[in-house]
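Both complexes shown next keep chain A, but they swap its partner, so chain B is in the first and chain C is in the second.
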Partner chain A sequence: MRRLPMPILAYFAIMAALPLFMGATGLFYDAFQAIFVFSLVGLGLNVVTGFTGLLNLGMAAFMAIGAYTFAILTSDIYPFQIGFWWGILATVAIGAVAGFLLGAPTLGLSGDYLAIVTMGFGEITLDVLKNLDAVTKGTQGINPLPRPTFGSWTLELQQERGWYWLLLGFVLLAVLAVRRLERSRSGRAWLSIREDALASQCMGIPPKRTKMIAFATGSALAALGGALFAALLSSTGEPASYDFQVSILALCIVIVGGMGSVAGTLVGAVVMVGMNSLVLVKLADWAGAAGVGNASNVLASPNNWKYLIFGLALILVVRLKPDGLLPPRLEGGAS
Partner chain B sequence: MEWVDFFLQQLITGLSNGMIIALIAIGYTMVYGIIELINFAHGDLFMLGAFLALTVLGALGLGDWSGASAWAAVVIMLIASAGFCGLLNWGVDRLAYKPLRNASKLSLLVSAIGASFILVNLGLFWGGLPMDVFAGGVAAAAPKDFPALVPNTNLLGEESLVQFTPKDVLVWAVTVPLMMGLTWIVTRTRLGKAMRATAQNPVAARLMGIDTDRVIGATFLIGGALGGFASVIYSLYNNTISFQMGYRAGMDAFTAAVLGGIGSMPGAVTGALVIGLVRSMSDAYLETRWTNTIVFGILVLILIFRPSGLLGSRAKEKV
Partner chain C sequence: MSLLDVRGITMRFGGLTAVDDVSFNVDEGQIFAVIGPNGAGKTTLFNAITGVYEPTEGSVRFRGSPVRLEPDARLGLRAAVVAILAGLSAFIAINIQELWTVGIAANYALNQPFPWAKAAGDALDAARAVPFAWGVLPAILGAGVGAGTVVALWQRSRRTPDLIARAGLARTFQNIRLFTDLSLVENVLVGMDSRMSSGFWTNLLRLPAFSRERAWTEREALDLLEFVGLAERAYEAAGSLPYGHRRRLEIARALASKPAVLLLDEPAAGMNPSEVVELMELIRRVRDRGVTVILIEHHMKLVMGISDRIVVLQYGKLIGQGTPAEIRADRRCIEAYLGTEGEG
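Now for the complex of A and B:
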């Protein structure tokens, strides 16, 4: 395997070292654990949308499938209880299968028709999870979930630094896998389908199979993200935590970071999720400390400005950097 | 024949709701037809239209609305919301989409998502206005009651089991002339011709001397105005509004536009009527909690068998 490029190496070096300068707990870990989970989902969506050019507005559904699969297979309220590592493996496999199942009938659709089918799939998944509350435990979520073990040692929930490094490790694995795939036969087929579907078909690339592999890869990564998020919280949370907003967040990560760029996706996740769970929370704290956080006037509560700031930031980023913060480099003539 | 009455009732409810969705769906399909953008902010524009209507009503005074004065208030709200939403949509295009005309379609989409977030947030602020109609601005995020200016009396007589009310009349009296007017604009006027030309090929249209920027602006203006009309009749029909209602309305309308074949106006109306009917039938005969699943399930099925929507052209995708 070729060496990772500088920006990605720098990212992992900085990220791995960061906790050494932070306390052992706190907001920093909440934010960065979310960032890593969404990096996985973003890497998956980058395969689907960035490499292959298929707009998927239902990534949250695959996260949900991952989280609930993992929970059902490992939680002690169900008979399977296969443990953390086998649970993760099974989740990735089932995520890929779910991607295949959605992709098989729908990947013949073009562009925005596919987008709305994936959006509809997200809504259906959400509804099914809500309505089958006998299985999914409704708003309580399935809990508790097992913790990862390394030999005889178990990573406990409150060891936030450990979780941070564990998640970062999964991101590193995903980056290696995605970059490996990008350069494989399938990966080259993805890019060629994105650039010109007709021409690549003429060159003997089967469009549907190529798209299905991309879809399954993306879904597997999103499912992995969902499962790790559930494991991290030791609960699947309520079905509503996998709503359309989450799919939109994943899309913003990929586009703001730079479509088709692995390094861009990593940066996009830091920017978008970091803004959501670090900057805006901090702003609210400061405003609260300054005494403007009372609820009598809607304008006075910083939390009420969240969407406005998020929206403005999105518009500004695509306006100033239309190709994303870290667009893919040109390599051998192909983008 | 009770089951016939019951069925007719669902038919009326479904079609009336479908016509409201249709007005919003046309706004999606027009914009998509001309710049290939899923205008995510459109549903939230619709939501702001409803807030403006309520504000106008508050300014007019919350008296005892009845008869002619109520209808006058309805007309004033329709004009105000249509004008407001039209201009706002035009402004959103100017600020958030126009600078990205040459960027990738997905950047445009993200800009639209950003605009949508901003409009939702403005709706939240708006609900905090210290007016009586907004409950004095306490609990900005709470849903607001929209006064029942249009009565819910049954026009088919008190003893009839089927309800056909002035609300249904209002929906049809507003939507049908608007759709006819729009068809006339698109098929018979110079502007309509320019819009069709721009939709077909913007570069060639510009070479033919069409000011495509103005045409796109006009499209946003008209599409937004239709959303404004829709917001007023929606509010009068359902009598409650909330700053989060744009999401559901936008989702339904966009689904309708795709179902009918995006870019096609008759398609948008057809798709919206289908969705309105499926919703009301599913609510009545199955369980409300499964309605979304059924709507999207049917959408997926239809798209599998007709990949360009019900009335979409089978033409190849633009490369």
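Now for the complex of A and C:
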């Protein structure tokens, strides 16, 4: 903890205290649980795209792999039932392996080509999940899923505060891991590839291996996000919950927050997902109460403006603060 | 035996022969210069030596070795493992519905112990019953693709710049290529990567080896910045440095790997006379550290002043080599520079 910079410390202090001022249940928790899940996915994408400069448009696929791995290994409709914690561990490992497997043949590709491959991977994963119904239960999703236990105590689904802090704890772990890697030989190798791939290789950094490790790290974090997302709902949900829009949302989080900035990713998740699950939902409520929104007029429902607003936010950030809300800063100095 | 032995390097791009049958030797401890008019093929030659390009013909030997991966048992093992895994994956991917239904779904009942052995047996039986076209054939195809991919990827990575850098040849670039968003220290630390040993888990878990390595690498990085005269800006972004200083940082970064040979591509480009004098001094000090220096340079005063040996390129061909005095007396070399036979 001692080396975490101020914005990150402030973020965790505020987030940890926030539920104390809120009721025990409500919209607030739905929104923030989603924010934390997407913080994990965003942190993963930040390693791949922000640090290493590899455009990955298939983060949702790794989320889906995480959710389904967790579900298959823990749900009582299958014989494995390894429990919540082992399930999370196994999911992170399998997420990393999935990243390796996709990375091994494709990371020789540069820039746009890699983006297209990852996008295709996302679509293929969705189709596989939809059609492999003997294993994935098709569009119905796998449920129910187990709840986390601490000794003899179980965190029930309706204990929203508990889930909030649990997810925040996972985000903190992920932040610590990513920060440690960033400020080490591994992270410097990633950054050097982003900065100048040829110079990096001429300094003796093996590009492929380095990219693979970044890819696997990012995928493992996204898989963790997916597993927690499924655990929260006690269901993987339908495969369409992990579609291309989700990958784009993850990318928006990183761009809005600031490419290559851990603090920025956290803020980006609050802004983008908060807008989606808090502001828009509230707006829809108000519109409904005021009698503006009715089902026959699609334009009157704020939810249908979602992607327009995402797009607008993205354009505004790129125009006004091209490095993101909290761009990465140089650190170090006399220690 | 000479340190670097360039033998008959030819570099063709389509119909253009950028470097044509160039051979020379560089001895240890020399400052060795490659000169020639623009477009003579000097940078291409550098790129061929450092593995950015694979020479069309010829070879580069460093301490008598070609610095190239040779096929070994590990490659065979890796290909075999990948082939088996890929074959199995192909088989499972095609038949998963069937295997899962027979093996797991049919044997499982809620709240009853799961008969693992029976499930495995049933799944195996089902696997055996798969027709050739859906079982053995895709497995063979998968294995072939897997092994082929391993060999193809290996083939492409036989003589890459990172391999050559790790062998002890470091370089700088004509159009300076720094990691501009990283600090000066971090730039040098990236150069030091080949001498570090901490891996992913050491860094993630902050094992004791991490702190030990961080301590000595940072100290040495600061020493190197001191050596090139940039220590007081160590924690600023490389992108904030003025042009003349960037060259120095690039040299520090290249030296960080403790190379045997340092290749400098036009280090004096864009420098004013006093900066050139400082640079000459720096290059001499690099040589005095025991590093053999090979440089491409246009700045005649610098080249003639510090080089032990010079080769002259024109239109990709080597037209002369010798000591500075010999080159100065060579009519062909003078003509190449005065450009009497058309502009190069």
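Operating definition for what follows: the second predicted complex is superposed on the first by the 324 of 335 C-alpha atoms of A that agree within 3 Å, B and C clash if a C-alpha of one lies under 4 Å from a C-alpha of the other, contacts with A are read in each partner's own complex, and residues count from 1 in each chain.
Here is the rule we use: a residue touches a chain if its C-beta (ideal position, glycine included) is under 8 Å from a C-beta of that chain, and two chains touch if they have at least 3 such contacts.
Just so it is clear, the structure is predicted and the values come from calculations on it, not from any experiment.
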- Partners on chain A (chain B, chain C) - clash or fit: fit
- Check whether A:115 is in contact with chain B, with chain C, with both or with neither, and answer first, second, both or neither. first
- Counting only touches as set out at the top, which of chain B and chain C does A:192 meet: first, second, both, neither? second
- Note on the structure: Between chain B and chain C, as viewed from the CA centre of chain A after superposition, lies an angle in degrees, nearest 10, of 80
- Task: Figure out whether A:105 sits in contact with chain B (first) or chain C (second), or with both, or with neither.
- Result: both
- Touching A:78 in the superposition: chain B (first), chain C (second), both, neither? second
- Message: For A:130, using the defined touch cut-off, is the partner it touches chain B, chain C, both, or neither? Pick first, second, both or neither.
- Response: first
- Query: Once the shared chain is lined up, is A:205 touching chain B (first), chain C (second), both, or neither of them?
  - Reply: second
- So, A:282: does it touch chain B (first), chain C (second), both, or neither? neither
- Message: Just to confirm the value: shortest Cα separation between chain B and chain C in the superposed three-chain model, in whole Å.
- Response: 9
- Which chain A residues contact chain B in one complex and chain C in the other? 105, 108, 196, 198
- Item | chain C-touching residues of chain A, taken from the complex the two chains share | 76-79, 104-105, 108, 132, 134-135, 177, 180-181, 184-189, 191-192, 195-196, 198-208, 213, 260, 328, 330, 332-334
- Task: Sort out for me which residues of chain C touch chain A in the complex.
- Result: 50, 52, 96-97, 100-101, 104-105, 107-108, 110, 114, 116, 119, 149, 153, 156-157, 160-162, 165-166, 170-171, 173, 177-183, 185-186, 189-191, 193-194, 196, 198-200, 203-204, 206, 210, 213-214, 235-237, 253-254, 256-257
- Name, in rising order, each residue of chain A that touches chain B in their complex. 49, 55, 105-106, 108-113, 115-117, 119-121, 123-124, 127-128, 130-131, 196, 198, 244, 248, 251-252, 255-256, 259, 297-299, 304-308, 310-315, 317-319, 322-323
- Task: Over in the complex, which chain B residues touch chain A? Could you list them?
- Result: 32, 36, 38, 95-96, 99-100, 103-104, 106-111, 113-118, 120-122, 124-125, 127-128, 137, 140, 247, 251, 254-255, 258, 262, 289-290, 292-293, 296-297, 299-300, 303-304, 307-309, 317, 319
